Structures are given as structure tokens and as C-alpha cells.
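Note sheet for the following structure.
We just call them A, B, C, D and E in the order they show up, numbering each chain from 1.
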Amino acid sequence: MNTILALLIIAPVVGFLINGLYGHKLSKTLAAIIGSSAILISFICTILLFKSVPENGVRIQFFNILKLEAFNLDAAFLIDHLSLMMMSIITGIGFLIHLYSAGYMQHDKGMAKFFAYLNLFIFSMILLVAGSSYTLMFFGWEGVGLCSYLLIGFWFTNGDYANAAKKAFVMNRIGDLGFLMGMFLFLQNFGSLDYSVLKAGHLQISTGMATAITLLLFVGAMGKSAQIPLYTWLPDAMAGPTPVSALIHAATMVTAGIYMIVRSNAIFALAPFTMHFVATIGLATALFAGTIALFQNDIKKVLAYSTVSQLGFMFLGLGVGAFTSGMFHLMTHAFFKALLFLGAGSVIHAMSGEQSIAKMGGLRKQIPLTFWTFTIGVFAIIGIPFTSGFVSKDEILNATYAFNPMYFYLAAFGAVLTIFYMLRLWYLTFFGNFRGGKEQMDHLHESPLNMTLPLMVLAVLSIVGGFIQLPELFHGHPYLIEYLKPVVSNMVAEHSGEGHETFEWALFGGTIVVLIFMFAWTFKLFGKKESVSEEYTGLAGVLEKKYYVDEIYSFLFVKPLEHISVLLSKVVDNKIVDGMVFLTGKFVTWSGTTLRYIQNGQTGFYFLMMSIAIVVMLAYNLLFKL
Amino acid sequence: MLKEVFIDHYIYLALTLFCIGILGVLIRRNAIVLFMSIELMLNSVNLLLVAFSSRMGDAAGQIFVFFIMTVAAAEVAVGLAIIVMLYRNTRSIDIGDANKLKW
Amino acid sequence: MISLLLVIIPLFFGISTFFVKEKWSKIIALVSSIISLGLIVSGEYFHIHPAQNLLDFSWVKEKNNGYFTLLSLGDLGLALVLLTNLIFPLIIIFQKCNTIRNSHFFFGLMLLMQAGLNGVFMAQDVILFYIFFELGLVPAYLLVGIWGNGEDKAAVSFKFFAYTMFGSLLMLVGIIYLIVNAGASHQTDFNSIYQAAHLLTSTQQIWISILFLIAFFIKMPVFPFHTWQAKTYATAPTSITIIMSAIMAKMGAYGILRFNVQFLTLGWTMLEPYVIVLAVFSLLYTAIIAIKQDNFKYVLAFSSVSHLSLILAAIASLDLNAGLINIPLFKDFYGIQTLKAIVFQLFSHGIIVAGLLMIADWIEKGSNTLDLNKMGGFAEGKRFLPIAFMVMLLGSIALPLTSGFIGEFLLLNAVFHYNYWIGGIAAISIILGAVYMLRLFQKSMLGSNNGNNYNGDLTITENWIIIPLMLFVIIGGIFPNWVNQFLF
Amino acid sequence: MLATYAFFFLAFIAIFFALLVVFSKNPIHSCLYLVLTMFAIAGNYVLLNAQFLAVVQLIVYAGAIMVLFLFTIMLLNLSSENEPVKSNLIKFIATIGGGSLLLLFVMALKKTDLGPAPLMFPNPNQQGMIQNLGKVLFSEYVFPFEVISILILISLMGAVVLGRKDKKVNPINE
Amino acid sequence: MPISNNLWSQLTDNPLMVLAIFGIILMFVGLIPKMKEWLLTIGLVGLLAGWSITLLNWENSLTATPIFNMLTFDRGAIVLTAIMIATLILIFLVTDHKSIIEMNHLGEYYALMIFALIGGIIMVSFKNLLMLFIGVEILSIASYILAGFNKKNLLSNEASLKYFLMGSFASGILLMGITLVYGMSGSFDLEQIAAYTIMYNIHPPALYFVGILLLLVAFSFKVSAAPFHFWAPDVYQGAPTVSTAFMSTVVKTAAFGAFFRLFYSAFNFNSTIWNTTVIVIVALTLIIPNLTATRQTSFKRILAYSGIANAGFLMMVLLQTNLVNENGTHIAQANMALYLTGYVIANIIAFAALFLVKDATGSDELESFKGLSKRNPYLSAFLTLAMCSMAGIPATAGFMGKYFMISGLLQGGHLILSIIAVLMSVVSLYYYFKVIKAMYMEEADGANIILNPSYVFLFIIGIVILFAVGLMPHYIRDLFLM
């Protein structure tokens, strides 16, 4: 088991080192093979681990990183059901995306570098989810942030991309600050950052302290998982290559916050206020991002806001206490959102890099494979019954209703928004007539097999992924809840009785009605659209401009900080602080100049000064000393 | 009117002469007159020394005066030589003119 | 004896270098520094297998008064001596001979600085400490003033020199005050001073502490005594800037640990709250200033102040009630832990800032400018420089798995332990640090090239100078335990 | 009693002429007034029974030294007009300074207890006689007497070096 | 008092006789034009002989008996005598120079310096105020002449006149002080005055105190302490350079020796009655010249102000008269001797450098030091070390001097004064390092300067002493302890 785990962790590192250090000497194909196979090894190892892991998990220690008097950090990994689930998503989807990248990036000269970064990312992610302490999680946490930075800024010669990368990193850092504080507070209270102290019922801590710790940790999650108010980096992160968006900014990294909260569920359970807060933030984010997505024209931006929105749903799930549901939605979302992104990547690939849906239309004929798989993704996310998205979202909505009906209605509205913007995207991209240029028209082509294969695999997963936990209504069995039971204790009241069943049926029926209505309505709006306006006015304009949040942030934080920096530098530091030093020097030379004049060369004056000195001296001594 | 002379009177006299000497040093610009004022100071010291010496019946004070006179003579020789030298070069013995060295 | 040799060797070679031909000077300097490195490595060996008499140097100081340890390798100074002797060979290789005239004087003075720095960290006698403290200073003045860049190098150099001297002379008053109070015999060894210092009343200790603190604040430097620094760093030849920021700045922290924490414990305890507030203010203040600086080295200079301020904050967070001559005795484990973290971070920051400054120098050589606005897109077509820069940068912004993280994490934890709010405010620096360092990277390496070309990558020699530093940054982040055994 | 009056008379003479020395415009007059002051002081020496010094004062001081002064003044052909007068402010300050110095001296004297015994005129003690002084000078004070010769030598050299007009001008490189 | 009839013992008990003889020889040899080249040799032989005699008496000095009850060559006197003679030897080496050898009255020049030295020796060893007066006058009158030795130079004339007038004025004040002290204590003998002092330890009679203060003024003038320092910059600048070197070293040493001897042995009150005055004088002496010197452009004048500033440090010994070390030995004199050693050596190196530079460029402005490191790297290195020592950089004698002075101050509890002292040391860096800056950091063309052997000897000896004192101060200082 130790060996398998070691192999699992080392393989991406080896891939990273080979591609990073010798990538310039390798051919592109070889680089792709090395990069992908490293992840394949990890994936296989993960699968192997599934078998051998005991129910309560196992802590595997390799070596001690740092041992100080009151601080201990082991390179130890906690392999339990939760981390295995995460690792399989990471390595599995990660492998598919590596495969996809081999095709997508084949025209880029930085192929080896790209795979090196991806491998490093997978390594960091494994560290994040498999580490046995918050410190190791933080290692991975920051590591994925770095990889995100590197990959967003992969095409660094474009200044905007580089800016987006920096923005992502800094925003993540703000979250990390909260996480760090939370860790410090945790360390103060429990004397260790190892998960071993997280056994439910063993936590001796006041509610206030638990609230403080969990709120701080949640700040970290906000940053990493792009929640209000720290979400603005994620849409900008679409500057990176599309596989990166699929892997990092949809399937894995952004879900780290969910994982962290689920991992800490024992302490979150002690802090009801935080739970409420998490739910509120999650709901707000889901609605907010959903509305913004309504009028975006960039295919990746739509998907990005959709991701933010879906992450909001996950947090809503966590906040209402349905930890497993959150994890479940995390998983299904990883499937269909990766699928959507890869599909979008395929579309972009076909469109020669064009990302605006205003320029697309009627693509279903030219790239059928992409169309069908993309369609499955769309159906999953809008919740066509029995797709994975339907099942997981349904579960969250259920739990929300039990928590607070008002939250439920809002969340349901959010789901409707999802349907609207996804269908809009779908129609505008694949239906109607082609609105792009002639050259693009001629160039349209289906992607190669190593790109479409991952699409197909993910499409299958998007459909069947939900079956592991079909609602009881449809005679499903909560496999996931049981599987995660040793780690996660949900806080949702067990549903039973007629009323509940009625509600579920009502929800199901409502979903179908809404879906049919929305299909029809959006088809009417977008199905045969000849041209799509680039500019919107009124409320739509505000939404298209993302509520001007970036501008507000710039006005509230970025610009003031820059102004303060300039002020401190130019005025305070140069004029006042250094001015004091300067004045001291000036004073010395000034007094030098002044004192020089008493040395005026006149002997008479000298005599006078000496005599006065004698008089003063005698007077002082005779009057005060005797 | 006082019938007797105390040592105080000599001290008064000597110190007055001393202060007059200093006054001369302060208000005159002619180097020679200045030098004469300094001689006046020395003389006042001599007078005081002799007074103390006489009062205490100690010859040391008068011996000291003797040496002061010798030194004064030597000093005058050198001092006047310096003044003459300066006069040769500048045609002036005004100390106010000797102000090339300053600042 | 090793400790004595560590001072004598650079001193001897330094003076000899004055008299040799220019072309030999670099080789002699290199030989000397490598001998020193060998000595400290063997010192580490003896340290692990204790043989104290080989590490210490004693001297009959006054008749009938027995032996006194004058120099000692170990204790707080070991890590910094190690740092000094590790960095010197690298910067001697780094310093190109053909860009400076009279290179024999250059290297000679550099070796004198090495002797001074080694001495400061090993001295067990206050006067000796002071002598070495200044011995590093005069050569630095000459090196900056003679071989610096820019028109006003002499003025800049003098400002640095006078500022530092101002502090160290105040410290001299403090030192003499302690000596004077060390009993009738006026012994100057640390043991006597330690005992004398602990007999002072708290008021006395506070005043003397302030004298010492001013000196060390200037040396580190810390707000509001930092204004000499940025200009000096930019003006000095890069190798000297490296010595200043990587090693000389550490003298301040070392001095505070030695004199304020260890000797003037009572006074320090009283001053702690003020110092920590000042340090945290300085930390954020300089970090904010660094955000909009346009000079590459200025950013590094302010970042250096910022990092050292955090170290100062951590020092001020030490919770102590009494001190012993070797390792202070703290109320709880936190003290020793933080102390170790401080030493680790001093070492780590030295390495990282050295690497960053080297990179700054190479960029300057390649593009003939340090102005960030004239740079851009330098990563294009280069393989090693961006990697090296990135690794050093990550160390600087304390990313996990770099040595910078280990240090900053523990230091922030210590400050947080002292006070939640202060700790929280101090931690904002990790955001600001990311902002200015990434801006630095972005402006120079990323984006599009705006007219100022920089072609060609690092040479093989340059690669091999920076690789050890990069290795340390990574190894220090992954195996800090292994590094730690050499530092204590 | 007579001696007391003599003292006050001499004191008045001394101070009066001393002031004239200082305030007289013409250096030659100053010089002559100084000679008169010295005479007064010599008179005081006699009162104090220091005959030897009185004689030396007359011969060496009033005679030799003052003649030297006179010669120099004559040699340099100084007249009263060529001395610029100092400004009144300076004079005022100087007078205040000198006056307060005198006041301070007086204050110190008042504070000092010098004993009640008045001076005897003529002074009974014979220290000031040539015989006594000679004995002391050549026994106790023979060493300074020898050493003073060096001083005389120096002044000799000084007068020669500084006063002589050098034919061959070869100044050191200043 | 036994008057020794043994000629040999008169020659060997103290260096006065030998020096006087050689002075007279020089005077006469100077008259013979052909013997000009020999003058320096004769002078050096004489000084070396004097120096050897001084050193031979080193051990005896601990149990020295007074000579004619007028002079005592105790340890303090011997130390300062040795320093002064050695200094003069070094100054003579500096005069091994073409322009000096060509000058008129060279014999007198050397003879005057040696005679002045005799005055200095008398000043540092006096036991009777009469000897003090005679010593002061011998030294002063010789200095007046030395200052005006360059007769054709107006500045030299002016310097001589100023020095003479102000020096005579100070002599008058000195005499008044002596007279008042004599009048109250009834003696010129140091021991008896000391006995009188102890009698009135707390409340000395006012006139006695006035006498002491006048003596303080007179000596402050002689050592050029503010506010009685006005003569010093002008005279130092105007006088021929060798004379300036002589005045700022030998004369200053002698003046301090006498100053300290008088106040230490005669007026050593247990109360701190004249401390406040001294503190104010020291503070002024540190502040005024250091600040003024920052704006000077002439190296010679900088050295003059530096000399005044150093007088401030040296005057601190007056505040240490009661300090003893662990063996109960008084340490003030040793501190002063240590400081003087460093000061004198550094000063002579500086003056030697000035001499060479001035010879090459004809100016003593700082300008002429520009680019000196190119013209002669060794000279500039030596001068740098001397400047470092003056500025009090550790490992040099200057630092140790300042260290012991401030140490003494702090033992006396004068914290504020010591802080003023170190702050002014920082200010002093400005002008000391201006010289270094000119030499190394500024460019100027000029002919190479060649060092002749006597200069090399001087520099090497000087640097060795600077570092010997700087690194092993305790050994040196123990030698000086009384």
C-alpha cells in the first residue's frame, strides 16, 4: 500500500521533472506520452488503492518534514473514502484531459512545458486531497494556485493573460490568508494540524472559537472555489488553454474548497452560524453568477460563470448540512463540466480559436460528435431527469427545502437560470445558421480521436454518474452516503413519510414542466437567431458587464492600494521619513555654515568672545557653584 | 578714610588694572597698543604677586615676578619682531586688517 | 581554532589580495572563500560530533584572569556563519572581473567584509563584536562608493555609511554602559556582560535597549530607519548588494537576539509590544511601497525590509522570562520553536534574496536597464532564467515546498500566537508579497517585449551559481529538518 | 599713615594712567602713559618692601621694554590717525564685559575671607631685599633660572629670524 | 634637596640636557651653509638620544624623585615625554624634503622645535607652577616663531601675530590664575597646593576658585577647547605645514599633559565643583568644530578643526580624575596617553600626506586630493587608515582612545555627554570621509607622487602603532598606568 501510494504521488512529479527539465529535448509526442502516462499510472494506483483501503482510512507516513518543539509536520497521507473519491476524480478526469491536451496543444511549441505544469498540478492536487494534515492540504492548496497561475499565464506574451494569471493568484492568496489564519487558530486550539484531531465528538472547543476557525477556513474556500466576493478571478482565468479550464477551473481545483469543508465537517458541525453563512454565500453566488451568465457571449465565459454558479450550489448543499450531496454534485459536476469545457474546446478548435457564440451557429452538422457529447453535457447540467446533474442537484434542493423553504425557492430559481443560459448557449452554438466568417467556415472540422475520446467517456459518465445515488423515489440506493459515512456525518434530517414523497414528486413534475417550457421558450428566442448583438442595454447590459464588479473592485481596492503605494513611496517615504534624515543632514551642514561665521578672522572678535566666555563662566560658577 | 591698607586693596588695585588691560585688548585695534595692554595685565599680576609675597613673607612670589619680567622681555622681543615683520609685508599693524585667515 | 581561522583566513587573503596582480585577485579570493567554506563544513562536522575546543578560540586576556572565549562557532551565530561562507564563494564566482577596474582592491575589500561578518557572528566579546561589526562597514562604504553605479554613488554610499555609523555609535554607548556596569574589572566577554546586564534595573535596561535597537533597526533595516537602503542597494555593485541584504542585514536581527533578547531581557519584555507594532507596520508599509516601485532592485530592497520586519515581529513575539547564555529559556516551547524558525528564516531569506539579486543583475546586464517599465517578455526564448527567477520568487512569497514557506509560516504563527489581531494584520503581507513579486515577474518576464531586447540565456557558470541556491530553496522547503541540523 | 596715603595716591596714578593707556589715541602717548603706570607700580613695590623688584621694574620694564616699544613705534612711523576706531557697539560690549569681569572679581573677593591683618608699611619682612632674593634664586630656584636661558635663546633666535630682512628670498613652499 | 654634581647623572636622568645640547649644536651648525644636509641627521640623533634616555628611565619613573623640587619624571611624565619625542622624530622625518632643506634658517627651525620640545617636557613633568609657567612660555614663544617662520607669506605672518597676541593674552590669564592660587594657598608647589585643596574640599575660597577657573580658561585656550579655540583654525592654516604638524601634536600633547597634571594632582576636589564647567566646555568643543569642519574645503583646516574636536575628547579625562581600575590604580592618565598616541600618529600621517600632496599640487585644498588613489595607491591607503583612526573606526587606535574616554565618562555617569560625543563622531565622519571620497571616488589628473624611504618608514611605523593600539589596547594602556 505504501508503495502504491508512493508511486501515485511520485509519478506526476517524475513526469513534471522530465518534461520540465528535458522537455526542450523531447519531441512533442514523447512529452505528451510521458505526461499522460504519469497520470495514467496515478489513476491506476488510485484504482488499486480502492480495494485495499480499510473502512476508516489509513494514515501512511513517509518521513518527517519538520519537527520543532511545539510543531510537527509529517509527510503523511490519509487514505480514506473521501480522499480516494477525490483522487479518482482528479486522476481520472485528469488523465482524460491530458489525453485531450495532446491533441489540443499539438500546434503549440510549449507542449512539454504544458504537460510539466499539468503534472505538477496533479501532484499538488493529490497533496491537497490526500495529505493528512491541514498543512499538507495548504501545500497542495497553494501549489494548485501556483499551477493555475502558470497555466492561465501559459501564453504569457499576451499581457492580458498574464494579468489574469496574476489576478487569479492574488485572489487565491486572499483566500489563503483566511485559510492560514484558520490554520493558526486551529493550531492554537488543538496543538496540531493533523486530521487525527478532527474526530467528531473529540473536539473540545467553544462554539465561538469553532465559528471563528470555520469562518476563516471558509474564506480560504471562497478564494479557491470562487465564491462571492472572491469569484472574479475565475472567469478571467479562461485566458488559459481550454484543457486547463476544464481540469483546473471546472473539475478539480475549484472544488478544493468543497473538499476542505467536507474534510472539516466535524468542526463545521459545531458552528451553526458558519453553516448558515456558507449556505447563504453559496446561494447568493449561484444566483449572482447565474444572472451574469445569461448574457455572456464568450462560450468559455458562460461556462465559467456556470461553474461559479454550480459551485454555489455545492456550497449551498454543504451549508444546509448535506455534505455528501455537495460531494456528489462535485463529482457529477466534474464530469459534465469537464465535458462541456472540452466540448467547448473542441468547438473553439474547430472555429480556429474563435470563442464568441455570436460568431457561431449551426455547428451541429459540421462537428456532430462534439455536438452530441456537448448536448449530453448540457442536458446533464440543466437537469434532464436521470442524468447525473439532475440527481445531484435534486438532492441538494431536497436538503435545502428541509433547511429553509425560502432558500429552496431561490435555489430553484437559480436552477431555472441555469437552464436558460445553457440552452441559450446550446442553441446559439449548434443551431441556426453559421454567423462566422468565410475563412472559419472553410476551416470547420471535427477534432481528432484523442480529443473526442475523452468527450465520449465523459459523456457516458455524465449520464450514468448519477446512478450511484438515485433518489429512493426511483428505487435508488444511497451508495455514496454509505461510502462516505466513516468520514462525513451529514446533518440533514432523515426524510420519511408521505409529505416528503409528495414533495419529491412535485419537484420532479415541476422540473419536467419547467424544462419543457424553457426548451420551447429559449428555442423561440435563440433557435433561429440570425445575428446576436454584441452590446446589450438596460438590465441585460449590466448583466453583460458582470454588474461592474471588476470595476467596483478596482475602484475600491486596487486603485486605492496603488494610490496609497505611490503616496507612501513618493510622499511619506521620500519626503517625510527620508526628509527627516535629509533635514538632519541639512541641519548639520547649515549649522556648519552658520558656525563658520563666528570664525570670522577678526582677532578683536575672538578676544571679545573669549572674554564673554570667561565672564559667563565666572558668573555661573560664582553664583551657582559656591 | 581708611587708616590701614589691607591686602584687599592690593587685590582691588591689581584686578582693576587687569580688567583695564583686558578692556584695552578688547577695544583697541593697534597691535602694539594691544600688546601694551597685555603688558599692563602682566604688571597687575606682578603687583598682586608681590603683595601676596610680602603679606606671607614668602620670597617665592617675588622670584616668580622676576621670572615673569624675564619672560615678558623675551616675549616683547619676539612679539615686536613679529609685528615688525607683519608691518613690512602689509604696511599695517591693525589687527582688523589681518583677517585673511577665516572660516 | 576553526573560529579563529574563519576570521584570519579572509583577513589574510584579503590583505594579500591588495598586493597581487589584478588577474590573480579573483582566483585568490575564490581560494580563500573556498577554504573558509571548507572550514565551516568541517566546523559543522565537529559541531555534530562535539569537540568544542576545536570550534572556539580562547585568549589570555588579562594577566591572572584566566582564559576567555573570544570567538565561538555555534549558538545563534552558526547558521549565519554558514550562510556567510556559503554565499561568498558564489558571489566571488558571480562577480565578473572584467567589469570592474582594480579588481584586486575589490576582492580584497570583499574578503575583509567576510572576515568582519564571520567575526560578528562568532564574537563572544562585546568589543570584538563591535570591531567586527564595523569591520564589515568600512569596506562596504568603499566598495559602494568606488565601484557603485550612478552619479551620486559617493553620496549614497556615505549616507549608508553615516546612517549605519550613527546607529552603531549609539550602540557603542550602550555597550560601554554595559561594560562599565560589569563590575570593577570591566570584563567585556559575553558572560560578564550577560551577568552585568541582568543586574540593571528595568529603566536602565529600557534605555540601553533603545540604544541597541536603533543600531540594529538601521542595520536590518526597519521603518523608519530604512530610507538609506533602497538607493544603496540599487547603487552598490550587485555582489555587494547581495552581501548587504543577505548577510549584513542579518547582523541586525542577530544583534537584537543577542543583546536585546538575551542580555537585556527585562527591557526587551517591556519594549516588545511597541517593537512588534512597529515591525508589523514596517512590514506592511514597505510591502505597500514595493507595489509601485519601478526599479527592479528597489522592489527587492523593499521586499527585503518587509521580510526582515516580519522576522523582527517574530523576535518581538518571543515569550521569555529569563535568559541563559546559550539558548534563552522561554516560558514555553513556543519560544525555542520560534527562535529556530527565526534562524531558519534568516538563513532562507539570505539565500533567496541573494538569488533574486543575482537574477536582477543578469537582467540588468542583458537589457541594460533596471527600469521595470522598459522591460517585458524576457521569458521568451529563455529556458533557465525564468525557472530560476520563478523558484526564487516562490521562495520569496513563501509558497509551500520552498524554504521561504517554512520560515514565514512559523513566524506568522508566532506573531499570531502573540496576538490574533497583530498576527492577522501581519499576514496581509503574504498577499502584498504576492502582488509585488508577481508584478516584478510579470513586468520583466511576461507580457510583450516593448523595445528593449534581452537575448540569450544564462551562461553555464551563471547556471551553476544559481543552481545551489535553487536547490536550497527547494530542499529547505521539503526537508527543513535536514537543513535544521546544520543551523543549530 | 603716610604710606597709606602713598598707596592710594599710587593706586590712583596707576589706574588713571592705565585708563589713559587704553583710551589714548596716539600709540606713543599710550606707551608713555604705560611707563607712568609702571612707575606707580614700582612705587607700590617699594611700599611692599620689594626693593629689588622695584629697581628691576624701573630698569627692565619701564626702561628697556618700553623703550623697545617706543623704538618700534617710531620705526614703523605710526601716527594716531591710522588706527581705525572700533564701532561703539563693540566698545560698549567690551566695556560691559570688562566691567562685569571686574564686578565678578570683586564679588569673589567679597566672598573670600582673607583674614583681618592689615599690611604693614613699610613692610617689616625682608624677603624683597636683593640679598635674600639672590639666595633663594640661586638655591631653590636655580633650576628655572637655568632653564630660562633656553627661553632667552629662543627669543634671540626669534628676533633674528623674524626681524631680519632676508636678502636671499627663498620661502618654503607654502 | 640634593643637587647632583655628577654630570653623567644630569645627562641621563632626563632628556632635557641632551636635547638642549643638541638644540644649541643645531643652532650653530645651521650657521654653516655647507652643513645643511647634516642638520636633519644631527637633530634625529639628538632626539633618538633623548628618546633612549626617556625610555631608560621608564622603570625608574614609578619611584621618581623630584629634580630640584621642580620637575618630577613620574610615569605620566615619562609616557608623555616619550610620546612627544617620538612624535618629533616622526615630524623630522617628514621634513626630509627638498623644499624644507632649501629653506632659510633651517638650523634655527630644527633648534626651535627641539627647544619647544624641551618646554613641552617641562610642562608635562612640572612640580612647581613656576616651571609650568616657564614651560608654557618656552613652548608658546617657540610656537609663535614657528608659526611665522615663512616670513614672506602673509598668511604665515598673520597666523603668527594672531597666535602671539592671543597666546600672550592667555598667558596673562594663566598668570592671574597662578597668582590667585598662590595668594590663597601660599605656595607654587603642587603638593602643597593639593594639601590646600584637600583642606577646602567642599567649599574652596572664592578667590581660589576664581584662580582655578582662570587656569582652566588658560589651559582651555592652550589645548584649543571651545569657546577658547578661535586661534587654532586660523593659526593652523596659516602656519607652515610642518609647524602645524608640530603644533597639533607636540604642543597639544604638552598642553594636555600640563592641563591634566595640574588639575589631577593639584585641584582634584572630591566634589564635582568644576565638573559642570568642564562638561560644558567639552560639549562645546565637540559640537562647534565638528559642525564647522563639515563646510571646510581645505584639508589643513579640516585637520585644524579635527584637532579641536579631538581636544574635546581629550578633555574628558578631566571628568575621570577619580576613576580607578580594579587594582585601585588611577586610569585617567593612561586613557589620555592612549588617546594621544592614536591621535598624534594619525595626525602625523595625515600631515605627511598633506605635505606630499601639497608639494605635488601646490595646494592644501581637498581638491588636490582628488584621484590620489591613482597617483599613489599606498599613500591614499595610509591616509585612509589614518582618517579611519581619527573617525574612530574600530581596530584602530582612534577607536580605542574614544572607547576608553567614553567608558570613563559613563563610569562617571555622564550619559548625555557621551551621547553628544558619539553623535558628533558621526558628524565627524562627514569630513574625514570627504577626504577618502576625494581620493577614491573622484577623478582628477595629476603627476604620480613618489614616496621617499623616510616617508615609507613613517607610514609603516604609524600604521603599525595604530593597529597595535587598536587591537591590543590593554597591553599598551597597562604600560601607561601610573
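A few notes on this one:
Criterion: a contact is a pair of C-beta atoms (placed from the backbone, for glycine too) under 8 Å apart; a residue touches a chain by one contact, two chains touch by 3 or more.
Being a predicted model, the structure only gives us computed values, none of them experimental.
With steps allowed only between chains in touch, the distance from subunit C over to subunit D comes to 2. Grouping the chains by touch while subunit E is set aside gives one piece. The set of chains in contact with subunit A as well as subunit C comprises E. Compare each chain's C-alpha centroid with the centroid of every protein C-alpha atom shown, and the nearest one belongs to C. Each chain gets a centre from the mean of its Cα atoms; the one farthest from the centre of subunit B is A. In this assembly, A is the chain whose CA centroid lies farthest from the centroid of subunit E.
Ranked by the number of C-beta pairs in contact, the top chain pair here is B-D. Between the CA-based centres of subunit D and subunit E the separation comes to 30 Å, rounded to the whole angstrom. Between the CA-based centres of subunit B and subunit E the separation comes to 27 Å, rounded to the whole angstrom.
One finds 5 Å separating the Cα centroids of subunit B and subunit D. One finds 102 Å separating the Cα centroids of subunit A and subunit D. Among the residues of subunit E, those touching two or more other chains are numbered 130, 134, 137, 141, 144-145, 148, 151-152, 155, 160-162, 165, 169, 173, 206-207, 209-210, 233-234, 430. Shared interface positions of subunit A, defined as residues touching 2 or more other chains, are 596, 599, 601, 603-604, 607-608, 611, 614, 618, 622, 626. Not a single residue position of subunit C touches two or more of the other chains.
Across the assembly, chains come into contact as A-B, A-C, A-D, A-E, B-D, B-E, C-E, D-E. Chain contact summary for the complex, subunit A toward subunit B: residues 596-597, 599-604, 607-608, 611. Residues of subunit A touching subunit D in their complex: 604, 608, 611-612, 614-615, 618-619, 622, 626.
Of all residues in subunit E, only 161-162, 165-166, 169, 173, 203-204, 206, 209-210, 213-214, 216-217, 221, 227-228, 230-231, 233-234, 273-274, 276-277, 288, 291-295, 427, 430 touch subunit A in the complex they form. Of all residues in subunit B, only 2-13, 15-24, 26-30, 32-33, 35-37, 39-40, 43, 46-47, 50-51, 53-55, 57-60, 62-63, 65-67, 69-78, 80-85, 87-88, 92-94, 96 touch subunit D in the complex they form.
Contact residues of subunit E toward subunit B in the complex are 129-130, 133-134, 137, 141, 144-145, 148, 151-152, 154-155, 157-162, 164-165, 168-169, 171-173, 175-176, 178-180, 182-183, 186-188, 207, 233-235, 237-238.
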